[in-house]
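Next come the structures, one after another.
In the two assemblies presented below, subunit A is common to both, partnered first by subunit B and then by subunit C.
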Partner chain A sequence: MYTFSSKLKTFSLILIVLGIIGIGYGYISTPSSIEEVEKMLTESHHGGHGEASSDAHATHDAPVAHDAKDVHADAEHKEHVEHVYHQLQNKPWSALYVAGIFFFLLTMGVLAFYAIQIASQAGWSPVLFRVMEGITAYLLPGSIIFFVLLLAASFHIGHNGMFTWMDPEVVKEDKLIQGKTAFLNVPFFLIRAIIFIGVWNLYRHFARKFTLAQDESTDDSNYKKLFKASAAFLVFFIVSESIMSWDWIMSVDPHWYSTLFGWYVFASFFVSGITVLTMITIYLKSKGYLPEVNKSHIQDLAKFMFAFSIFWTYLWFSQFMLIWYADIPEEVTYYVTRIEHYNLPFFGMLALNFIFPILILMNADFKRLTWIVIGAGAVILFGHYLDFFNMIMPATVGDKWFIGASEIGSILFFAGLFILVVFTALTKAPLIAKRYPFMEESKHFHY
Partner chain B sequence: MSKVIHAIYNDDDVLLDAVHKTRSAHHHIEEVYTPFPVHGLDKAMGLAPTRIAIAAFLYGLVGLSVATAMMNFIMISDWPQDIGGKPSFSYLQNMPAFVPIMFELTVFFAAHLMVITFYMRSKLWPFKQAENPDVRTTDDHFLMEVGIHGNEEELVSFFKTTGAVEVKVIEKH
Partner chain C sequence: MSSHYEAPIRRPLVVGNKSYHDVTVDVARPVEGRANKLWWTVFTIALAAFLWGLGCMTYTITTGIGTWGLNKTVGWAWDITNFVWWVGIGHAGTLISAVLLLFRQKWRMAINRSAEAMTIFSVMQAGLFPIIHMGRPWLGYWVLPIPNQFGSLWVNFNSPLLWDVFAISTYLSVSLVFWWTGLLPDFAMIRDRAVTPFTKKIYSIVSFGWSGRAKDWQRFEEVSLVLAGLATPLVLSVHTIVSFDFATSIVPGWHTTILPPYFVAGAIFSGFAMVNTLLIIMRKVSNLEEYITVQHIELMNIVIMITGSIVGTAYITELFIAWYSGVEYEQYAFLNRATGPYWWSYWLMMSCNVFSPQFMWSKKLRTSITFSFIISIVVNIGMWFERFVIIVTSLHRDYLPSSWTMFQPTFVDAGIFIGTIGFFFVLFLLYSRSFPVIAQAEVKTILKTSGDNFKRARAQQDNNSDNH
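Let's look at the complex of A and B:
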């Protein structure tokens, strides 16, 4: 049985407290009125960085000689300030949302991985099942917090306007969104979220129940139930995951769509989930637990990290190249915004998520060295956080992005909560599912 | 002229076990003939690990370079065109369009050169005579060839205890 060391517990609590402070500071420092934004904008215009944009304003204003046109420019300016005001108000919400969905979906990645291992009757992985179950314990709190964030966006709590299609004023003047209201409307959106989160949690609940029962039983009836539940869950998951990615991520850009978006999001959180699984396995092993896990298991996990990093790049590039080549205005704006305003995170994540893993994890011997796997894992996790950042932020805060108190605070908060929940769950059951039918094979797994 | 022992087995697990025993008894295994690749046999025989992975990586780099040079010549320097509003004056700016070719040629070169390397290292070429000493090693039997150095009696009785279905002494030319 695993015991949650008090050091790690304190560490996770410190992360949570630091996170709450960061998130709180993010909300407090958000400008509370349009006048404040106006003042901020004029200040930054006079600063060095404002040179170019004030020049642009000058040329823009130059042909304006008549009073009528002056009024028009004034209205335009007012609209711009209001727009920036909304972006700044969205910022702490979006920061919370990105970190929340990242940790929540990463547990879903582990849950899907777990279901695949069971449904495919894999012989190498059963020694890792209890670690996976520990990680998926975060699903319940993670999904509940995330649902609260969806509610906050749906009811515009605290000026949360992340989803523009939820604003009737916007929809009134937008033909494209009007055509999508049969699907993109708040009640249906929330109903879908409840169904998806509910079924995923039900599977996790019953899977855990069946494996624990299997430990104590005398036949394999619980294993058979687990197998059937996993297969059924995978069918539901692959459909719901795709719809989830349209709802929770793609719809922040309600005009834009990509048909492989579901797979792309899946690849991102799947590789993140496997990376976290690997890191926690190595951590537990370094503390003397999991004696059955050998270097071949670690190497296989690292292979998955390597393979799915490439799979993610494949999907990222497929999506990018088609849109880049076709150059259709309503599609290509998605990438134009990101390349213009998010240049560093956009291309940076490509280096972190593709070039780094492919070079460092290609060598078979490196996949067996724990410090290399941990280091590569940290880079992959940071890279995929940036991926989610790039999916959400351009639509909600535009060029007003910054990785500051709210973003770091949100990561710390969810990381702390994740560690607390996961390691508490690990103490609840023996780390080896002793009566799982393929356990012997897994213990002797040798590459 | 040298004498060798041919010990024949009909199960890969028995063969692996026999290889372990032979090595720990310090008899020199010349070769093992099997109808299919036996997992772990190279390690059991004490063969040096393969370097094909390093070769594959280098071949991949060759393929990537060939693709880059080829696309640069065809699409940029020799015959630049304006495709879909993307005039091809710079390789870098048109790179996304070339990535599939760069990827495919990397794989193509790595795969084909790897197979050719394997053939050369194994001394395989068209019309080559098979070296299998016994046709049954292409069907369902496994054969271990061990050199005799004046210890014929001892070796024959040793291999009879390792589960061999047949032990033969052969004059090798």
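Let's look at the complex of A and C:
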């Protein structure tokens, strides 16, 4: 049995406290009135600023000339200030949202990986199942917090205006969004979220129940139930995952659309999930808890990190290149704003998510060295956090982004909570399942 | 690569109490024996179809592309449909030999040789179309960036059609090398068994002096792994580049970002269906039912079911996003597919590709050989129509209603397609009589873990030790 070391527990609690302080500071330092923004803008404004506040909201794209004296420019200026005010209001919410969805979805990545391992009757991975189940214990708290964030956005709690299509004022003016209201409306949006989160949690609940029951039983009936549940979950997952990505990520840019988007998001959180699984496995092994896990298991996990980093890049490139190549104005704005205002995070994540892992994890010997795998894992995780950052932020805060108290605080909070929940869950059951049919194979696995 | 222990619930992959020698004899039999009447009959039909197709190609090249049913609006139809269809079929071979190798799937060993042969022969068919659909095929070599006397007139690397040239030629060469490397130990086996000087000579040449030393095997395995690691991104990129032919355009119905992975999924789908079609016949006529078992067919059916579901998800995604985009051209493109003059091809595609693989959820159906055979044909018809629907329905009605038209193929279009099917079978039939159709060297590596006799012996042993 695993015992949660008090050091790690304290560490996770410190992360949570620091996170809450950071998040709180983020909300407090947000300007609470338009006048404050006005003052802020004139202070930081030495002529050139504010000329281009272009972002995904095409309606606000008009350049603003502060010095112009006519009434028209005045109205435009007022609109601009209001726009900046909303962006700044969104910032702590978006920071929380990005970190929240990142940790929640990487748990889903592990859950999908787990279901695939069971459905494909993998013979190498069963010794890791309990680690995966420990990680997916975060699904319930993670998805509940995330649902609360969706509620906050849906009901504009605390000036949360992340989803512009939820604002009736915006919809009134916007023909394009009006055409989408059959899908993009708050009740249906929340119902979909409840169904998806509910079914995913149900699968995780029953999968855990069946594996624990399989430990004590004398036949394979629980294994068979687990197998069927996993296959059924995967079918539900492929459909719900696509719709989820349209709902929770793509719709922050309600004008933009891409058919590949769902699979692209999947690749991002799937590789993050596998990376977290690898890192936690290495940690537990280093503490002597997983004697059955050998270097071959680590190598296989690192192979998945390597392969899915490339797969993510493949989808990233396919989506980017096709939109760049055809250069259709409706679609290309998505990348124009990102390249203009998010140049470093946008191209930086490519280095982190592709160039770095491909160079480091290509070598077979390196994949067996834990410090290299941990190092590569840290880079991959940071890279994919940035990926989610790049997907959400340009639409909600535009060019007013920076990685400050809100962003770091949110990451710390969710990381602390994640560690607390996952390692508590790991103490609840033996780290090796007893009578899973492929367990012996997995213990003897050698590559 | 394999562990000493195998879970008892894994089913045997080789049945019929085989020894190493039995494997050799069974694999060599079709090569060493003589062709029967049935083989000659089928071969003659395939050859006739091929020659007919050759005639149609000659007619096209000497008379002009106007002999086809193309018009000013629909400039691509059967030619590119067939091209993409054949490339897609080719993908399963690489998938079975490379991706399944990376995933350590032992069941691939009985089918990889024929799947790779299928790849090579179908990529050869595909390779014909980019040439014969040119208006001036004799200037085809201009697509190559070679220094020349036009002041070094160069190609434009921005066109996906040029990427196609690189993708397909690289794909064919790598697949060929991968296939041939794997054949070396098997050719050596035929060489060592040959009784006539002529066959001895031939198989000595093609087996490159393989003598099976430990060092050779070690390098052989390493090369296979490296080639598998290279072939996997290659196979994904080749069909991705083929999909770029459409997706980079601005034609409604073509310009969609999901095409790259969705074409790849479709390629696996149709390729596996073709492997199933071929192997269900081959296991019967070549007496290889003990190697290509019902379990192999079942597993291929599962792959078909999974990729069919992925393709189905992509169809739904395209439909949804077309509506969601709010772009009326995009919306009309899909409305036209479902209800326009080519509605029948759309619904044929939908029912063949989305509904038919769902039958495979039933264990009874997916382990039925007859049913698998029927579905494998249905899937390939569906996948032909998928390409036809994407290409023709998007072209025949797009931005300007004044350019709307219809497409009607001529006998030359059909003749060339039939010709490539004939050519494919000519090659495949020749292959099945002169090549070891099962990678016997590989099957021998799993015989002691996955042979039914060895599995029984192990179960017996376990029982005995339990009793003590």
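Just so it is clear, the second predicted complex is superposed on the first by the 424 of 447 C-alpha atoms of A that agree within 3 Å, B and C clash if a C-alpha of one lies under 4 Å from a C-alpha of the other, contacts with A are read in each partner's own complex, and residues count from 1 in each chain.
The rule we apply is simple: a residue touches a chain if its C-beta (ideal position, glycine included) is under 8 Å from a C-beta of that chain, and two chains touch if they have at least 3 such contacts.
From a predicted model like this one, the values you see are computed outputs, not experimental measurements.
J.: After the subunit A overlay, clash or fit between subunit B and subunit C?
T.: Subunit B/subunit C on subunit A - steric clash.
J.: Between subunit B (first) and subunit C (second), which, if any, makes contact with A:Leu176: first, second, both or neither?
T.: second
J.: Examine A:Leu369 and indicate which partner it touches, taking first as subunit B and second as subunit C; both and neither are also allowed.
T.: A:Leu369: touches no partner chain.
J.: Now for A:Ile145: first (subunit B), second (subunit C), both, or neither, which partner does it touch?
T.: A:Ile145: touches no partner chain.
J.: Which touches a greater number of subunit A residues, subunit B or subunit C?
T.: It is C that touches the greater number of subunit A residues.
J.: After the superposition on A, what does A:Leu260 contact: first (subunit B), second (subunit C), both or neither?
T.: second
J.: Considering only touches as defined above, state whether A:Leu18 meets subunit B (first), subunit C (second), both or neither.
T.: neither
J.: With both complexes overlaid on chain A, does A:Ile34 touch subunit B (first), subunit C (second), both or neither?
T.: neither
J.: Check whether A:His444 is in contact with subunit B, with subunit C, with both or with neither, and answer first, second, both or neither.
T.: second
J.: Determine where on subunit A the residues touched by subunit B overlap those touched by subunit C, and list them.
T.: Common interface on subunit A, subunit B vs subunit C: 321, 325-326.
J.: Could you list, by residue number, the parts of subunit A that touch subunit C in their complex?
T.: Subunit A reaches subunit C through residues 121, 123, 176, 179-180, 183, 220, 235, 238-239, 242, 246, 257-263, 310, 314-315, 318-319, 321-323, 325-326, 328, 330, 437-438, 440-441, 444-447.
J.: What does subunit B use to touch subunit A in their complex?
T.: 53, 57, 84-86, 96-97, 99-100
J.: Would you mind writing out the residues of subunit C in touch with subunit A in their complex?
T.: Interface residues on the subunit C side: 1, 3-10, 233, 236-237, 240, 244, 247-250, 255-261, 309-310, 313-314, 316-318, 320-321, 324-327.
J.: How about subunit A: which of its residues touch subunit B in the complex?
T.: Against subunit B, the touching part of subunit A is residues 317, 320-321, 324-327, 362, 364.
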